[in-house]
Every structure is written in structure tokens, then in C-alpha cells.
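Just dropping this structure here.
Note that the chains are named A, B and C in the order they appear, and that numbering of residues resets to 1 at the start of each chain.
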Amino acid sequence: MIRPLEHIIIPLGLIAVGGLLGWSFFLAVTGEAGERLAAVALARVPDSGVSNPVTSVLLNFRAYDTLLELAVLLAALLGIWSLGAAAPGFQPAASVLDGMVNGFVPLLILSAGYMLWVGAYAPGGAFQAGALLGSAGVMLALAGHRNAGLPSEGRLRLLVALGVFVFAMTGLLLMVVGDGFLTYPPSLAKWLILLIETAATLSIGATLAAAYLGGRPAARPTTGETA
Amino acid sequence: MNALLTLFDLLLTLTLLGLAVVTVTSRELRRAVILFIAFGLLLALVWARLRAPDLALAEAAIGAGLSGALMLAAARRASGRKTSTGEDSDAKDAP
Amino acid sequence: MTGQVLYSQLFYGGSGIILVLLGLWSFLVHAPLLRKLIAINLMGAGVFHMLVAIAYRGIDTSPDPVPHALVLTGIVVAVSATALALAFGKRLDQDDD
């Protein structure tokens, strides 16, 4: 039996969408767009304070985007928290998983620090480092640690807002000095980027781990360890 | 060299698309999520081939790892609700 | 731009389009929330794949960093949206019971 919606309308619509996408993609790839943004960006990378082009676009040329992205992450977490308390959590892990987690979590934190530092000149950066911190938190949650190793609620709130705060304050401070919002002076750019990235890494890690818990953290954390 | 590269491209893309197809057509939810994680990891590999190592790292850690962990927890909740007769001995945390 | 690079861009971009279509199809025909979320994530992966393909400049040339930064932003936004949607779904389930 032929159902008109599933067997006629949706396939036709998909073909139309696919054709349109394919056509526009073909034009975008083959068209002569004049001076590409890539050439401009790659030419200015030496002035940006870091030598990894992606990091320099992310934290310098288009720092606005990244600031707003951190705000999106924060808003999503606030949305999750507003929906209620987190699930009670897993039971404490048996010795094998517990031993593995005890070994892996410090390793993950260490590699997050490495990832953060190496992002200046090689693949890596704040988001990858934050993801590693977040996955350390997920591991702790899976092994039965309450709150995924995150600090108590008051400090957690400070931690998740830290990235946006430091980012915005740096921008405003530069504005007051007279350079314009998030326009780093080239001599300071490396250190400003590192400062912002460090704050962003901590925030991203805490946000992702807290988002995995799926609700407001439980009232009484067991320990004050930070993921 | 070029022929080998083309073969590699073809192999990667076919596997990627195949994984995507079985992900969306899989009947079981949990299976779909696990296939989606595999898809994310393979996508990271493809992006490493396309000279985007930053993205490969982020996709492997965030797109496959964290999204996968979130979705696995949700799939388990869903299956726990469907068969709430208590057959899953390890479903202690399912609310 | 040489033919080899253009061919790679079209090949990978085309597979990105197929991923978008697969995700869109799954989003339209499957009802459960988690399936729709997987479908949306698949569509997102397709879009990212197209952007990565556009940024590609050949095996021995450095690619365009601007789309890469956009995709990195997109990945993080996608995971936060997924987490929020799953929290909404969980809350809906609790209200059903």
C-alpha cells in the first residue's frame, strides 16, 4: 500500500533539497570568489600571537563568535538546570572500574593541560581540552562519584561562568585601554589568548560534565575535587 | 600514489555512508546510538584525512564521546521505561 | 586549483549532502525523540562535512582555517543543544509517568 506522505512527498522533497544543496555547493566550490578569506587569514596568522591558524581564527580574528558560543553553552546548561535536579547517580564502581577511573582521570586532566598549551602551534586548543576535562567528569559520574567530581553548587556556578566572564572582561578592558573590543595588541596577544583559553577550558569542562548529569547538582557533594 | 589515495577516499566515504544508513535504519535504539558513536569516530578519521586535525580531535571527543555518552544514558532510560518489569539488574539509576 | 583538489572537494561535499539528506529523512519519518536527535546530529555532521570539504586545499597545502573555526564552534553548540533536548525529553517522560 502506498502512503502518499511517506512514499511520494518526502522522497520528492528530499530530492529537491538535495538538488538545491548540490547545485549551490558546486557553485561555491567552482566559482571564482575573488580574494578568499583564507588568504587574508593565513597571511595575518603571524600577527595573532599563536601559530595554529584555527586557534588564531577562533580566539583572535573571530573572537566574537567564540565568546557568543561560550554564552550558548552557558545558556544550555542553565536551561538543563532549570528543568529540575539531577538523577540520583550510579552506584559506586567495583574495584576494576574504580582502579581504571583512578588511573585515567588524572591522565585526562594532564592531557587536557597539554592540549590547551599545544593549541597555540599544533592541533588542539580550549575546546578539545575542555572536552577532555568534561569526559573526565563523565567517567567519574559513571564510576559512581556524586556530582561527577564537580565542586559544590556555589563554586560550580562560578566555574561555569568563568569562561564568558574572563572573555568579556578582557574585551571590555581592551576597549577601555582604547584598542577596541577584543582587539589584542600583538605584543600581548599570546598571553591574552592563553588567559582566555584557560578560563574557557575550565568552563567548558565543568559545563559538559554538569550537562551530562542532566540536572541541578545534588545538594551535598562528597568531596571538593575539581574535574 | 593518487590511485591509492582515491581508493582510500572511496573506502572511507563508503564506510561512513554505510554507517550513517545503518544508524538511521536500525530498529533498536541502543544499537542506533552505538552505531552513531562509531559514525562519529569514523567522521573524525575522515576529517584527519581532509587536513582538519583540530576538528578530528574535537569530533572524536565531543561529537562521538560526549554526545554518545549522553544518548546512551537516554537510550537506557527509554528502554528501562519500556520494559519496566525489572529485568535489567543493572538499571539501578533509571528514574 | 587543480582538478584533483576539485574532485576531492566535490566527492566529500557530495557525501556531506547525502548525510544531510539521510538525517532529514530520518528526522521526518521517525517519531521517538532520541531518533530525531540522532537524525539532527547526523544532519549537523553532514553540514560540517561539507564545510570541511570546502576548506580542503589538497593533501600538501594548508586548508582554509575559517570554516574549520566555524565547524569547531558548531560541534560544541550541537552537543549543548543535544544535552538540552535530552534534559527536556527526560522532564517530559517524568511528567508522563
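Going forward, a contact is a pair of C-beta atoms (placed from the backbone, for glycine too) under 8 Å apart; a residue touches a chain by one contact, two chains touch by 3 or more.
Note that the structure is a prediction, hence the values are computed from the model and not measured.
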Path length in the contact graph (subunit B to subunit C, fewest steps): 1
Contact-richer chain pair [A-C vs A-B]: A-C
Chain centre separation (subunit B, subunit C; CA means) in Å: 13
Intercentroid distance (Cα basis), subunit C paired with subunit A, Å: 16
Whole-Å gap between the CA centroids of subunit A and subunit B: 20
Residues of subunit B whose C-beta touches two or more other chains: 54, 58, 62, 66, 70, 73, 95
Residues of subunit A whose C-beta touches two or more other chains: 54, 125, 127, 208, 211-212, 214
Per-residue multi-chain contacts in subunit C, two or more chains: 18, 25, 53, 55, 57, 62-63, 68, 72, 75-76, 79, 83, 86, 90, 94
Residues of subunit B touching subunit A in the complex: 53-54, 56-58, 61-62, 65-66, 69-70, 73, 92-93, 95
In the complex, subunit A residues that touch subunit B: 52, 54-55, 87-91, 115, 123-125, 127-128, 131-132, 134-135, 138, 142, 208, 211-212, 214
List of subunit A residues in touch with subunit C within their complex: 6, 10, 14, 17-18, 21-22, 25-26, 28-30, 36-38, 41-42, 45, 53-54, 56-58, 62, 65-66, 69, 72-73, 76-77, 79-80, 83-84, 125, 127, 204, 207-208, 211-212, 214-215
For the subunit C and subunit A complex, residues of the former touching the latter: 6, 9-10, 13-14, 16-18, 20-21, 24-25, 28-29, 50, 53-55, 57, 62-66, 68-70, 72-73, 75-77, 79-81, 83-84, 86-88, 90-91, 94
Interfacial residue positions of subunit B with respect to subunit C in the complex: 2, 5, 9, 13, 16-17, 20-21, 23-24, 29, 32-33, 36, 39-40, 43, 46-47, 50-52, 54-55, 58-59, 62-63, 66-67, 70-71, 73-75, 77-78, 81, 95
